[in-house]
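To start, the structure under review is shown below, and the notes come after it.
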Amino acid sequence: MAPHDMSPSWIAGLYASIRARTEALAAPLSAEDQTVQSMADASPTKWHRAHTTWFFETFVLVPNLPGYALFDQRYGYLFNSYYEAVGPRHPRPSRGVLSRPGIAEIAAYRAHVDRAMGQLLDSDADPALAELVTLGLQHEQQHQELLLTDIKHAFAASPLAPFLLPAAPPAPPEALAPMGWIEVETGIHRVGHDGKGFSFDNEGPAHEVLLQGFALADRPVSNGEFLAFIEDDGYRRPELWLSDGWATAQTHQWEGPSYWRRDGSDWSVYTLNGHSAIRADEPVCHVSYYEAAAYAEWAGRRLPTEFEWEAAARLMGSDAAIDYPDLQTHPRPLSSGFHQDVWEWTASAYSPYPGYRPLDGALGEYNGKFMINQMVLRGRSCATPPGHERLTYRNFFQPSARWQFSGFRLAGD
Amino acid sequence: MAPHDMSPSWIAGLYASIRARTEALAAPLSAEDQTVQSMADASPTKWHRAHTTWFFETFVLVPNLPGYALFDQRYGYLFNSYYEAVGPRHPRPSRGVLSRPGIAEIAAYRAHVDRAMGQLLDSDADPALAELVTLGLQHEQQHQELLLTDIKHAFAASPLAPFLLPAAPPAPPEALAPMGWIEVETGIHRVGHDGKGFSFDNEGPAHEVLLQGFALADRPVSNGEFLAFIEDDGYRRPELWLSDGWATAQTHQWEGPSYWRRDGSDWSVYTLNGHSAIRADEPVCHVSYYEAAAYAEWAGRRLPTEFEWEAAARLMGSDAAIDYPDLQTHPRPLSSGFHQDVWEWTASAYSPYPGYRPLDGALGEYNGKFMINQMVLRGRSCATPPGHERLTYRNFFQPSARWQFSGFRLAGD
Amino acid sequence: MAPHDMSPSWIAGLYASIRARTEALAAPLSAEDQTVQSMADASPTKWHRAHTTWFFETFVLVPNLPGYALFDQRYGYLFNSYYEAVGPRHPRPSRGVLSRPGIAEIAAYRAHVDRAMGQLLDSDADPALAELVTLGLQHEQQHQELLLTDIKHAFAASPLAPFLLPAAPPAPPEALAPMGWIEVETGIHRVGHDGKGFSFDNEGPAHEVLLQGFALADRPVSNGEFLAFIEDDGYRRPELWLSDGWATAQTHQWEGPSYWRRDGSDWSVYTLNGHSAIRADEPVCHVSYYEAAAYAEWAGRRLPTEFEWEAAARLMGSDAAIDYPDLQTHPRPLSSGFHQDVWEWTASAYSPYPGYRPLDGALGEYNGKFMINQMVLRGRSCATPPGHERLTYRNFFQPSARWQFSGFRLAGD
Amino acid sequence: MAPHDMSPSWIAGLYASIRARTEALAAPLSAEDQTVQSMADASPTKWHRAHTTWFFETFVLVPNLPGYALFDQRYGYLFNSYYEAVGPRHPRPSRGVLSRPGIAEIAAYRAHVDRAMGQLLDSDADPALAELVTLGLQHEQQHQELLLTDIKHAFAASPLAPFLLPAAPPAPPEALAPMGWIEVETGIHRVGHDGKGFSFDNEGPAHEVLLQGFALADRPVSNGEFLAFIEDDGYRRPELWLSDGWATAQTHQWEGPSYWRRDGSDWSVYTLNGHSAIRADEPVCHVSYYEAAAYAEWAGRRLPTEFEWEAAARLMGSDAAIDYPDLQTHPRPLSSGFHQDVWEWTASAYSPYPGYRPLDGALGEYNGKFMINQMVLRGRSCATPPGHERLTYRNFFQPSARWQFSGFRLAGD
């Protein structure tokens, strides 16, 4: 990890801005909204706000700010997510039982920690501290995305189906260009993060891989294309599915992507802006790995590996910074390119790169211990905070997960 | 059902007073507190507030107040508890996912219904209406008790163990009088409600039963007595337990009543006023039927049937009105008598009385359909609203339930 | 307990005959058939054969036959059903994992115990021993019935649906007489076993009860009558059902009695003699308490209590001995009377009679510890060994159980 | 697929020999033993015998032998394992409920199919047929291994802990040589099956991979080494474990490998030859991927990828045929080399090779649809039929599986 600009004032400004964005995301949500937990994998909004604060308190302030007083010593038990080395913690599936602390106390907790962080950043220009703070900010950005996906899941579980923000007037439907193909020849490619600027530990070490020639679609699969799969009985043909995927789809009676609802012969979709009709030109979203793989089988294609994805993206010059809208709650219509508005499932299981070593200490639990039973997603989504995306970024979820803004693109040999 | 005083003004006053008491109970609870649900059997505070309101709206206003406009037509789905005849409803275990409507909307809902009820009670002096409103108020009183037991369960699930109200200064320990015995000879006794004044349908018809001679304790079992059972390995001796009880106790690793915690060789207890030491002179509380039955076996006694309880209570003149404190959050020390501060498990399964017929229409679902797999409790508890108690009252829960203020008294032959 | 004829030779003959009947029931079953367990509540045939033998070994031979050598000391762990006082035991749901001992070893075990029992009965004329042996034989008869119901459940779970015995040629359909009613006036009735001859402990003490006047059907409900309930959407109308019953029926997607299968607009039924058409004149069978209660509600009637059943049966002189066929595998067409070919659900929860005390020692676990969460059935079934029936007999199962030969009759006020 | 020797007589001989070996494995097992199923992942012995027979009937005889008559048309439903394209099938977890067909019928089924296969192989010298028969034989060999691991699991679930074969006299303990390291430099390696002779479809296409330099242990980890991990609290230190692994170990209360039992301070192990003491010089066996990964973390090493394993094995010339004992029921003491007596977990998720295409038709379900949520194991085990092993062989199981003979070896960078 070596962030670009490590000057104390730059870091302090970044800290203020990212912390403020979390509060802005939570602002439209009532105390009641911020309390609910709709499944074990999701967390209440106020828990996200407190947990990200606990991260700074535990890993930055306690070891680095002499005389720092914990806001409440009981919060360690409540807001530790999964760091075994830091001690026991409240069970994840029961976060929705915690009415206390309420949102006012959590706002005070955030203010307390922000004041202390300001004091620390004023007084300490150690690059190691800057790296640690950067990690905390990247961590908070990850939770900004989860805050959105988790409240979406909770809202969708309510018969009232509340929305987060009113819908913008819809853009007129666009005629989606046919899928194009990027062809890459057999050869050795360099993948992974080169250590310049921030990255998570799981993105390195950079290394070379030998890829067989392949073709990669120039954009993710669209709703319109996915509808054709549904209409061709894609959800009723076991031969298209992985065995575990078929079992999962039967158990949960999947008939379409999550949040889709069949109204007679049409489909509508629940979004953070309320219900709306399906738009054919948007990327299909909220599908599991299983559905992505079944679609690819149906289409006579396959999903790309994460290295194919990365190599093609590098060839296309896709690591240039892009100016994303600050707050998106739904994917925009598709265009070509590698950082669209949906995370893209890849065919790669989430494994360590050659020579990978986790961080020392409790932070070593950040990524490494999850390297099993999950698949890598590449790219970003509409819910990803602008600037958080990175060409080497490895997101990861279990193949059955659907509550993230997850889509996919096709590959072929 | 034939309430004592059916004058419109008397009913209107009672309505205002009972509705206000619900709001007073909820007042110390934050929006977050009112949202959480800690188990499928419990409901959020705000749900109780809304459901009791829905009851008046659905069963009183809609059929009786011409031109009444539903506050929100979607609320029927959200706040119907179990009335199949009224339509489908939100699944009970998922009430904690409903962040909307929030407590402000629910306050507005209550006000809307209260206004309409005021209008109706001003204009309609029909005795049948008075009976229906009385049923709604008795129903609301039942939910006042559940509101307290449910928030107690939720608070206890939080590592912060918040309290509802600060503890009053404790009374000095009293020397508890030894258990006395009321002896009743074999004979025919009249049991059940005679139809004068309000009762629930399950309390009648009044009828005669033939009871074999028995003796009944003059008070419930105390904490001190129950501690002796624990210390005599009562929770480790299967021969004392019903088979299902033993299995339940093993599965949940019970070692004492609910909310008790062993601290070394001492026990403390979580109450709605915070943690405190066990008092030997209080009735044992938050025990299941299984624990009550195991204790009785250990003590060489048994639990009374509900008719033994009622017959002995009648003999002792226990249907006189008693002036209970308005808000109790914990049982007071024991004295002799039949309306102590804990519900008392009886050995009677919850069954219909001879000639029982449920109410007509949807309200017929109020009691009758639960007459299986539950045991009758008699008396009242500290959480029962004053005036709600009745000698013929039949409370009922599954034998494994512990979150009510439930104790027991012994009987012998 | 005071069996009729306690002479040693009479007991020895009875022992030989009942033990032989068990072996005769198992004889058509292969080693594989005798090994399977199709649900936690059922046991493999060979387990029944061994468990009944273990009962004699443990409760009769070990305490009474000096020098008796256990056949295999490990069998206590394997074949103890639920006697906590006798020690730990193999978990009930895993009995189907026990391939060893095989049926040959179990036959040898039975022979070993039978030889020792012969020796004991030759040498010991103590009436207490006779009583104990009688209990063991009644116990074995209970398992003879379970052997049949359990293998029926297992066979029905196989796509091959094997039969136990070939079907006899069917009797021509009979015109079933309309249901008649036995009217009983309000009054005091004596119920329970009077202690003359054998009974289980749960049948006593005999005592008086006061019954309100009632009418009881003179026969159980027939298949033809139950079909009318099904065709009137009985399984789709929640207002007819107890709340737990409705939930159970929905979870298991019940559409008719167990073993019934809808073939287009007709129904067929799996029996121990293979598949056959439904006969309208047979008693409905393999229904749960929930279905019985829903039917009664639909018919505008109710189920009788166990005391109503017994009182009416006594009035009708139904304690005369009846000469039942030795081996029945399916109920015969209905006639009037109280010991038909199906157990009859009553509205009585399984509770102790006034003054009930279980047997001393481990045998005290025989009945008492199950007196919760179960309903009483009266009468007998086609699978009950002839001579095992008794007017005061109390069978008991959970209200959801359907694998016994269980039907019901109606009552009214 | 292109088997070495495709002459009809050679294939016929191979067919006879492999089919006979299955029967020899089952021969010591009684009818009862062959019927039980101790968990959903395991199958009864007689099911394995029938399923392998159904494979030949369905995929070889029906399409290729004119006039072939199915032995029993109901067997397709019973003995189809997972081929969706062939039709519905009996649920896997309920195979233990099938008492019929019994072992005699299954022996007749095998004889019927063997006769028809003999007739077919006499009359048809088509190389495509030879390939298909070879696939069926390799399939049967896989089930020979499962037959042993499944009956081991069932026997171990019995308190009697029966053994399959009496134990051979133990070899004297050997002084195990310290673990040596095979060093492989960074470079391009060819992996996968080259198409000469038989392989499963998942072993190809052969292709090149770029491997970073690594070192691989010259033998698997031993019991003695694994005991040091246990004694160093390896099962109580979450920091050593993958997150899912820790959760699994806590849920199942793992304290050592499967079949190990702590007797005071010593450990014993259940084997197919009965209980015995742990031998330090044997490979550790019956460990999950999670335990393997935790051990590697503790040892400061890692698990190899499947390509590292294969590349090192090729370098060491490990594809030479080895003369294994015909029937092994327990791993022998360790020596150096790549085809020891335990399958070795690798760090590679089970994924398709570049360009992989499954077989056409129903046989395409053989491997491809399982390529998710499983990890690759390489090598062979003591239970693998001699001759079935292959350098490119890819075995695969879920990371929590322990009932296979699974161990592991270490790698380092």
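We call the chains A, B, C and D, going by the order they appear; numbering starts again at 1 in every chain.
Quick note on the criterion: a residue touches a chain if its C-beta (ideal position, glycine included) is under 8 Å from a C-beta of that chain, and two chains touch if they have at least 3 such contacts.
Please read these numbers as outputs of a predicted model, since none were measured by experiment.
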Given chain C and chain D, the chains that contact each of them: none
Geometric centre distance via CA averages, chain C-chain B, whole Å: 38
Between chain A and chain C, centroid-to-centroid distance (C-alpha), Å: 59
Separation of chain A from chain B, taking each centre as the mean of its C-alpha atoms, in whole Å: 46
Contacts with 2+ other chains: residues of chain C: none
Category of the chain touch graph - line, ring, star, complete, other: ring
Residues of chain B touching chain C in the complex: 82, 84-85, 188, 207-210, 212, 214, 238-239, 241-246, 289-290, 293, 302, 347-349, 351-352, 354-355, 364-365, 369-373, 399, 413
Contact set on chain A toward chain B in their complex: 30-38, 46, 74, 77-78, 90, 94, 96-103, 154-155, 157-160, 162
